[in-house]
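As structure tokens, here come the structures.
Each of the next two complexes has subunit A plus one other chain: subunit B in the first, subunit C in the second.
Presenting the complex of A and B:
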């Protein structure tokens, strides 16, 4: 891959992140009430005084506060939580990020494999039985909000059939005899939210992949390949699929930005202790430091996801590398 | 054709299906802690603090009465029963109480629990009251103030002497947890509100908190040194479902919870038809109210959005436009009664119906608003006397699924008066902070509390004595209990008079006037006396008792009922160890009741076979995902430069 392409993308990402940090700085200082009231609420006097110094909240906005904020942020100091008294924002976020990463990471993987597979097959066998059923199901899934899927799964597989626990990440207070038992408990709790996430995404991936494949199949190079006498399988694998994947990669990357919207509803339905439930808690508790942290975390991860998508795109399609 | 690709899709689906089928049966038996019996309780409230002085919520009272003993507890009929003190006597002049502390009682950490701990705790509160300060949120110090305690002393390790300035028995019903001096001793009035009282908590109560995850759960294990009757539960888990009543109900139906407090009326109706489930609808000693922000001074950066709220005539007019019967019928589905005064009908001895009862009428409300000088402009908006269109913000806690509906109705009714309503839910702890006025600020740190709200929609649950519900409207409560910032000199005077009244009749007389003042001046519109709706399962625990008889088993007054619970699976079993004696009196019975270790694991859909199975399944899924991912990825990516291109 061209070094210039890569460098340009990375530079772009760094600029965006800088802008996000600035926005984050301004946003929470433009809110009504003094910044120390917004950011240092509910702190013991000593911690409050310490924060005032650390963030220079008693000094002018620019440059002192900005400099203090940027250097604090770069050092991983995001302030103190209001709701979770006595804990730093980094600490609170750190505890909550893994459950979300696992839930949505695995959910995406499932959805990508199943959704893209189903879409590709439907498009390839357009008008066939799989296409007919698959497309219909995909449309239904695509239009269903997460909480509907989640609640339905919860009622059927948890309350009625009793196969899975209703909520949480572990059985409360369980003592495990070993790692495998803990993992089993975790997987049992993970199953329903994970399925919800995957089902919610499969629909849209499959629909996109289907139309993308159909588009590609009408391209000249596919006709050429056919004329060269390649087998259908090879045409699909070597010519249609790689090109059809391009829009899918974009969609997946953009989707990462919407993950939080889904995360909130899925996590709330299953009381999954991730970033989504944390957002709800922080919002209703007006925990601005934590909200600020979530905002920063999410926007940076969207930028990074896009960067990865760009790089992947470059790998998939030589044309964009220039 | 394309055999390779076609084969791949079914292979993939088959792998996923296989992996899924592996994990399904395995999950049910996963990690059930078979060696301990856990009582799992669900509530919509999210615990706000482990420090007893910092809680404003019923769940907080439940938590601190699990952790700690009060000096004297509440029995099944709310009568005084031994708590931290084993017995007590009152002197003939009625001014001196002598409490006997159990010899050899220990804190949960093994340190001796003596009269000195009780003396330290009560003295701390007495000092705060004398200094005119409130401790933490200020919910607990009124108990000591109203009992008129003047001195506390501990002549020896087993004796506590409390003197009061006038004869009264309120010293027997104080919701003041006796705290371990060796943990709390270094706190001062200024620092105690910042003390988080982290887990594991040290107390003398039946169960102590060992783990707390805000927004999720708090876990309590049995106090090894508990002096009273041992309840069957080895552990109590309180699980919090703020804003998630549906999930709580699903978890209860599935059997993941043994007890839930306050599902919605519809859910309650559905749950009570289930087998093995007992549903209790208890007339609550409490109410829900629309509390107006009556604060009569301007607050920088806060306060009410219009001065109209300071005007009793304005509040009175709005009160006419609240159809309480409709709220009882449509929101509570009949599980409650129309509310009138701050002393609910539950207090049969003290409740009176107001003299000037209002009848719902939008038209009357309009006329009263016009007459009071709040006129409509040509866009149909009601203006305050400063000429500003009135928009009222209603804030409610997210722990009650009924409040959004009430706000919706009120918004409609007041909309017909030309008054716009904006409603919003908050985390309960945050809402408590929002409601507090500058009086709650620490000296030298002004500006933290600004009472920045117009109307609060929330509720109160009272004590066996009506004092706590009457206290809310006293001027002294502004900055602590008060959520209306109401102040009325005659009311303050009456509060003291009733508290010190010599006879029940005299007390009732004062209280009648107090109830009418609040009704007429309308700092509150008490919308309904909502029933407590509790639902519990009887398949794991039995011997549930209501406190009092028409009350509820849990979330009542103190945690006596937790100590009565018996293991449902143990009772009918032939195992010799499994017949606990129903301890009617909380004595030092050390008899180990129903050791669950001797009984098989409590039921559930679980096959206990194969702890390795879930692991294998999980690992299988992971490997399948990764392998398939790699496969698909490499195939599609490798395409353009595939060497096989002929």
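Presenting the complex of A and C:
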């Protein structure tokens, strides 16, 4: 891969992250009641002045406060939570990140396999029965907020049939005799939220893959392959699929930002102890440091995911290395 | 020009005839799209609900004026059952149509206005202005804008106070509208800019410049009419997105309990624990409405896109 392509993408990502940190700084200053009022509420004048000095709030906004903020952020210091007293934002986020990663990592994997598969098949057999039904269902799923899918699954499989627990990650107060038992409990709790995430994503991915494969099938090299007398299956496997997968993969990365919105609501429905439920807790308590930490974490992850997708795309498709 | 003398009155008549013919032509092509028509019919029904909810189900029931008992199942006097306060679900859902559609409409207006202005200015002026505006646009495209909306909404709300009214809109709803606008204009701007770039190279723009047309005049009279097709198709698709974003924001607690949109009803259903109580009628009506409206907008938008911009077929 061209070094210049790589360098430009990395530079772009760094620039975007810089913007994000600047935006976060600005938002922190816009915050209602400004930081000094929040920090130094109901304090005598002397103690207040001392506190302002300690937080550097007596210095001018730019450059001193900005420099202090940026260097703290880069060192992984995102401040203290208001809601969870005495705990740092990084601490609170760290404890919540694993449930979210497991739920959405697995959900993405299932959705990518099933969604891309369904989309490829519908696009290949365009106008067929699978395409007709699949496309209709995908469109409906695409129009449905994730949490609605979650509520429907919850009421059918949990409340009515009683097959799965309704909320949380483990049964409250349960004691396990072994690791397998704990794992089984975890999986039972995971099943419904995971299905919700997967179903929510399958619609999007199948629509993406369908149009991607339809585009590919009109390319000259597919006509050439057909003229050479290759079987339809062979054309799909070795010519159309690999080329159609490329744009689909990029779109999956770009879509990550939208997926996060759905992620937050699914966790709320199932009371899954991840970043999503944390967002709602922080929102109702107006815990701004935590909200900002969440914004920083999620936006930087999305930027990095896009960077990885760009680099992969460049490595796989020589045409974009400009 | 036709044979008649080119008097101003004749010109106006000619222009009107041309417009009407274009419109009729557009109508015929759109009518061939069955999916677009189905979407249009569904949207018309919801538009009626949104315009005259009180005629259909009476005034909005509040916590102090419920018409039934707590969480009654559908049937009898309450076709769609009641919520935990005894309010009729049909009443709430029909009034929710008005609130959701109005927020969606205003948020779409803000989005399109921002996107179109930035896209046209950026594409027409080019140079440094273009570079700076497109850097900002790219930034908003990469950002998970929903998360930005999440932290912007409470900050703005606390800044202006939650009891205030702005332009006659309660501040909670105003904030949702503004936040959706701020966070979703970027893709519109990108699309409009690329079209503006090609339009400005056309001969009539050069002619307008030669006879002394200023930048503002050219953008308004020459560029805008030629990107209008894109704006129309994009508006319809943006509307679908705005309704979904509003629903999600309200669901996680940024809505206004006194003005229940569909998302706000779902939020109340969730906090009451309706799924756990088996009260499916609490969330099924608003959820169905959201899916129908978003789906219809997507269908109409796709059909419009095909009819108006045949070269940029989206093939969804």
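As a convention for this text, the second predicted complex is superposed on the first by the 302 of 322 C-alpha atoms of A that agree within 3 Å, B and C clash if a C-alpha of one lies under 4 Å from a C-alpha of the other, contacts with A are read in each partner's own complex, and residues count from 1 in each chain.
Everything below uses one rule, namely that a contact is a pair of C-beta atoms (placed from the backbone, for glycine too) under 8 Å apart; a residue touches a chain by one contact, two chains touch by 3 or more.
All values reported here derive from a predicted model rather than from experimental measurement.
Enquirer: Once the two complexes are aligned on chain A, which partner has more residues of subunit A within touching range, subunit B or subunit C?
Expert: So, of the two partners, B touches more residues of subunit A.
Enquirer: Does subunit B (first) or subunit C (second) touch A:67, or do both, or does neither?
Expert: Neither partner.
Enquirer: Please work out whether A:26 is in contact with subunit B alone, subunit C alone, both, or neither, and reply first, second, both or neither.
Expert: Touch partners of A:26: none, neither subunit B nor subunit C.
Enquirer: Taking the superposition as given, does A:14 touch the first partner, subunit B, the second, subunit C, both, or neither?
Expert: A:14: touches no partner chain.
Enquirer: Tell me the contact category for A:143 with respect to subunit B and subunit C: first, second, both or neither.
Expert: second
Enquirer: Let me test your reading of the model: by the given contact rule, A:286 touches which partner, first (subunit B), second (subunit C), both or neither?
Expert: Both: A:286 reaches subunit B and subunit C.
Enquirer: Figure out whether A:101 sits in contact with subunit B (first) or subunit C (second), or with both, or with neither.
Expert: Neither partner.
Enquirer: Please work out whether A:181 is in contact with subunit B alone, subunit C alone, both, or neither, and reply first, second, both or neither.
Expert: In the superposition, A:181 contacts subunit B only.
Enquirer: Looking at the overlay, does A:151 come into contact with subunit B only (first), subunit C only (second), both, or neither?
Expert: Touch status of A:151: both partners.
Enquirer: Does subunit B (first) or subunit C (second) touch A:165, or do both, or does neither?
Expert: The answer is first: A:165 touches subunit B but not subunit C.
Enquirer: Looking at subunit A, which of its residues have contacts with both subunit B and subunit C?
Expert: After superposing on chain A, subunit A residues 32-33, 151, 154-155, 158-159, 166-167, 268-269, 280, 284, 286 contact both subunit B and subunit C.
Enquirer: Flag every residue of subunit C that touches subunit A in the complex, lowest number first.
Expert: By the definition above, subunit C touches subunit A via 138-139, 142-148, 150-152, 154-155, 158-159, 240, 244-245, 247-248, 251-254, 266, 269-270, 274-278, 280, 283, 287, 290-291, 294-295, 298-299, 314-316.
Enquirer: Give the list of subunit A residues in touch with subunit C in this complex.
Expert: It comes out as residues 16, 19-20, 27, 30-33, 139-140, 142-145, 147-148, 151-152, 154-155, 158-160, 166-167, 207, 211, 214-215, 256-258, 260-262, 264-265, 268-269, 279-280, 283-284, 286, 288, 291-292, 294-295, 298-299, 302-303, 306.
Enquirer: Mind listing the subunit A positions that touch subunit B in their complex?
Expert: Within the complex, subunit A touches subunit B at residues 32-34, 37, 41-42, 44-45, 83-86, 106, 109-110, 112-114, 116-118, 121, 124, 151, 154-155, 158-159, 162-168, 170-178, 180-185, 187-188, 191, 230-234, 236-239, 241-242, 245, 268-271, 273, 277, 280-281, 284-286, 315-316.
Enquirer: Could you list, by residue number, the parts of subunit B that touch subunit A in their complex?
Expert: 1-6, 8-9, 12, 16, 23-28, 30-33, 38, 40, 194, 196, 198, 211, 213-217, 219, 235, 237, 239, 241-244, 246-247, 250-251, 253-256, 301, 398, 425-427, 429-430, 433, 442, 445, 447-448, 604-605, 611-615, 617-618, 625, 628-629, 632, 635-637, 639-640, 642, 644-646
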